[in-house]
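Look at the two complexes coming up: chain A is in both, with chain B in one and chain C in the other.
Up next is the complex of A and B:
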């Protein structure tokens, strides 16, 4: 029995959203009577952090403290239209819609404040701490809360805004077949180190090193969190997870968590991440978001590392010990490749 | 169907209700008592998100007959915080990003609490062992293990 070390590399360009059909996201922002702001969305947060990121985006655009913004991702029956949380589109598409809605709400807020202060709205600015003041004269100011009260109880106005982000539909060029299905990409490169036991076919991942380019990391801790969890899932897909039976037929397939294999807390692999920030032009504050890309490059990197370790090319997933052993047998033994 | 009266303490409060024969503790807590903090994941003892403490020991409430709770002390995530003050485990999970979707979190917290009450200074391996019956789909486990390590340190500091 020999344990062979292998190293595999993979890199990807990952599309953010899908242009076909315009891929719309909409957002509505309004102030409550006490000068807090509510962002209504139909895209949902399933742990990836969309609520936190859209909250930051709204606060930054409105010019108010993050603590004064709430995000409600209630329901696609009652909220504004959204294609949904998929295709790694949340930060980019929903974020862009939130910027537009928050900008319109900010304009309404500045107008209401201008009326109270008897100045021109263009002469006003926010301090990000809940106050609106005359530029260059911080003493002449009104709180956002008083502005909201004045708008709602005196001026008879709403401090609200609508936002939509829609990509121009990309038509197919009849002559060349050319089109633009995607206009924003994130990027990643991953190196996986692992060991393959040539007697059992077992693969043990020992280390992951990665670099992800996600535009600007709007919430760096959440980006890191998503990348670590996503990479774990990528390894799980590469080596363990399948609803198909290994053999001989479907009824032998996994039925529950006892038989559906996933790595557990004892299989945590050290993962070093470099997040490269290159703010994207058309993205909200430059942020594209990691999304599905956190998992995807791990799969080819694992497959390449196994090839590097024992010379077996597996092109179906997951790469089970059985597939590795059959490959080693077909090659007449393990054939480690040159380490790069 | 015959209903059986049972009594237990839930997070320190006397609780009494009638349960159907064969009812499991998870359903009883969620529907009978209204404590929604233990979650239903698989209903067959394989995911761990329904973990509650019975007399300090972690149990999968989906596999526990409600009637066996008679006279016992039950703890759920709902009882962890002291008013507005979060339990050090809850705080550590929050500060170290030990939750994404949060579905596994109640089970992780209770499994961790049971561990720390017996072993205030656990190694990483002992933490892994303690949460090995709890599945998390989102975090890759590492932030959860880190959070439990940190909470353990804080709890020790508190006692010292």
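Up next is the complex of A and C:
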């Protein structure tokens, strides 16, 4: 038995947002009586952090601390329309809607503060810590809380905003396929190092090095979680997962996690990530959605590394030990490939 | 141990990194609930007298239903209601009808002909799940088993069994014209003729389960005023609400959907199979009804990532330049459309991958087979073709004996390049990702490859839309009459030509409806686009031909409308005698310590009671 080391590369780009367009999202922002802000949405938090990202976007746009913003989402009686959390559209579409709603609420807030301070609203700025001050004169200031109280109990004004973001439906040409498919692209490149046992056909991924370009890491911790988890899913797709192991034959379909194979938490491989940020012009603060694309480059990189290790091209997923072993036998033994 | 670094040095001149909340590792507002097991998911909503729903499902790949006998189930203990196909008010739908794409092809409960193993036929509501399962077991469905087809290419044979009567050719109808989606850019045959090498490959994905921890489900209950509340695991609240309203022929105002905290989705919770049946069950029984997949159903009846089969043919020069690339793709949609038709459009717009290739052609088919319908999953429409493209790139690299990373950098798209779907590339960063990943892995690349940049070398000749060869092969129904080839251009009786430079205006986002909704350009985090109100948006691609104008962000608000105090004069109603003296206006209420009571938890408004978010 010999264990062969292999190394594979792959790079991808990924379209952000629902491809055909026509998928609006709305947001509402309003101030509570003491200057906290509620963001009302219908977006779904699948664990990807929808609530966190929209909360940060609202706080940044309003110019208030994130602790003073709460996101209330997914009650159809109170949250305005949103198409849903799919197609890497959440951050882009909902985030832009939240910017618009929060910008309108900020404009109302600045007008109310200007009335209290008896200045022009254009001369005011926020410090991000709950205060509104005259530009260049931080001493002349009013808190956001006092502004909200004055607006609602003295001036009779709401500090609220509405936002919608829509990319209209793109026609697709039947003959050429011409279309405006998406608004921006995320990018990634990965190098996978692995070992293949030529007696069992078993593949063990040992290390991943990657670069992911995400526009802007709106929340770097959540980006890290997505990239590590997504890359794990990509490896799992490449080597383990399927509901139909003998596709297109439907037999032997797994019905539980004993037969539907996935690597466990102990199999998470060391993954060294570099995050690149090239902001997209129409994305909220430049941020693209890293959630979907992070798995994609792992599948071909694993396949390419297996070929590099033992000379077996597995063009059918998942790359089970059976397929690797049959490939090695068909080639008359492992044939490690030259690295150019 | 894993590690992460943020390469702030790259593209630094395009970013403003002085934002206050964006870019911070802010903890999730709901994380304490998640890690202490207190966050309410749909299944945590408890109701007195909750009823449980289970479905009778097809054991056959393909069979006509002669009759359904539920009389024994009706008499089973605990059974409160048996729902038959004719009980569904509007029993035909396709998910994307919400954006007017495709024909209604799928019943909520199938009463005529089942087209996959597991297709629901009858739903039974009982007092316990056990009773519902027992009642399911005694329903007698008389099936006439029909021939079935499971392979996408066999399904395109002229004599293949018809999976869905809505699409009798076993393919989705694109644009009322073709049985596939075409992409044509330049002339691939000319490219192949010029090439030094032809590299071909066939790639096959298999179906994959989204595998969420929480299986798909919903609980519906009657509210007052003839409304229904529905707690759901959906990924798309209004998608599910709209689908329910359509299938049940109900005004959407009668539906109150609550969700938002989901135990894993990955694309498998868009299909809206549970909400309509739960609401219907609640309507028919007047009681709360829960309908969920068990794990086996989640894995075999719940829609997976569909299998895709891709054929790629490249024309490559000795120096590694790819001069022509052709795709033939087959998406296995299963028995119904769900979202596969849309994924093909998305995949087509993605071709030929992140590379600038002067001649590209593609035919992609949405094929119906007698298996569980496919649906979205992380990377939908892209994951399969990316696997194919990137395996193929390594085959090309081996053919021309080239470092695979250098091959990608050589062919990479750059700012200002024309993409095959006739839009200019912008904001690209593939080359930098290749360079950084190679550096991290210590995989050496040439000095020339290391010096390349996404910002340079694009545009110019690479921005031109070439004269394009078209064909009209594969019209709807043609393949049913006689076997014709599936690859682009093959089997065409004549070829057409679209002039060079042909394109229509790109679609851009609708601008904000009011100036107040525009964020101050100096606060957007973009250094180029938002340097100041006086600076026009910087053209991202100076090399681009003049007719290209990148979608400009909405006009920046240059001046906030000047402040005008509210009118002071009281409005006098002429019909009423004006009082001689205005009574002094009461002092507006101004609490000194307003609303300071209530719960004080980080991130929770004090005005929310402690119970509402329990």
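Convention: the second predicted complex is superposed on the first by the 320 of 340 C-alpha atoms of A that agree within 3 Å, B and C clash if a C-alpha of one lies under 4 Å from a C-alpha of the other, contacts with A are read in each partner's own complex, and residues count from 1 in each chain.
Note that in this section a contact is a pair of C-beta atoms (placed from the backbone, for glycine too) under 8 Å apart; a residue touches a chain by one contact, two chains touch by 3 or more.
Worth saying up front: this structure is predicted, and the values here are computed from it rather than measured.
A.B. asks: Per the contact definition in the header, classify A:282: touching chain B only (first), chain C only (second), both, or neither.
C.D. replies: In the superposed model, A:282 contacts chain C only, not chain B.
A.B. asks: For A:232, is the partner it touches chain B (first), chain C (second), both, or none of the two (neither)?
C.D. replies: A:232 sits against chain B, while chain C stays out of touch.
A.B. asks: Under the stated touch criterion, which partner chain does A:182 make contact with: chain B (first), chain C (second), both, or neither?
C.D. replies: second
A.B. asks: Which partner does A:265 reach: the first (chain B), the second (chain C), both, or neither?
C.D. replies: first
A.B. asks: For A:138, select first, second, both or neither according to whether it touches chain B, chain C, the two together, or no partner.
C.D. replies: A:138 contacts neither chain B nor chain C.
A.B. asks: Quick check for you: in the superposed arrangement, does A:122 touch first (chain B), second (chain C), both or neither?
C.D. replies: Touch partner of A:122: chain C, not chain B.
A.B. asks: In the superposed arrangement, does chain B or chain C reach more residues of chain A?
C.D. replies: Comparing chain B with chain C, the partner touching more chain A residues is C.
A.B. asks: Touch check for A:221: first (chain B), second (chain C), both, or neither?
C.D. replies: Both partners.
A.B. asks: What is the contact status of A:256 with respect to chain B (first) and chain C (second): first, second, both, or neither?
C.D. replies: In the superposition, A:256 contacts both chain B and chain C.
A.B. asks: Of the residues on chain A, which ones does chain B touch that chain C also touches?
C.D. replies: Common to the two interfaces on chain A: residues 46-47, 49, 221-222, 224, 228, 230, 233, 256-257, 262, 268, 271.
A.B. asks: Spell out the part of chain B that touches chain A in their complex, as residue ranges.
C.D. replies: 42, 44, 46-47, 97, 99-102, 127-129, 131-132, 134-145
A.B. asks: Show which residues of chain A lie in contact with chain B when the two form their complex.
C.D. replies: 46-49, 221-222, 224-226, 228-233, 256-258, 262, 264-266, 268, 271
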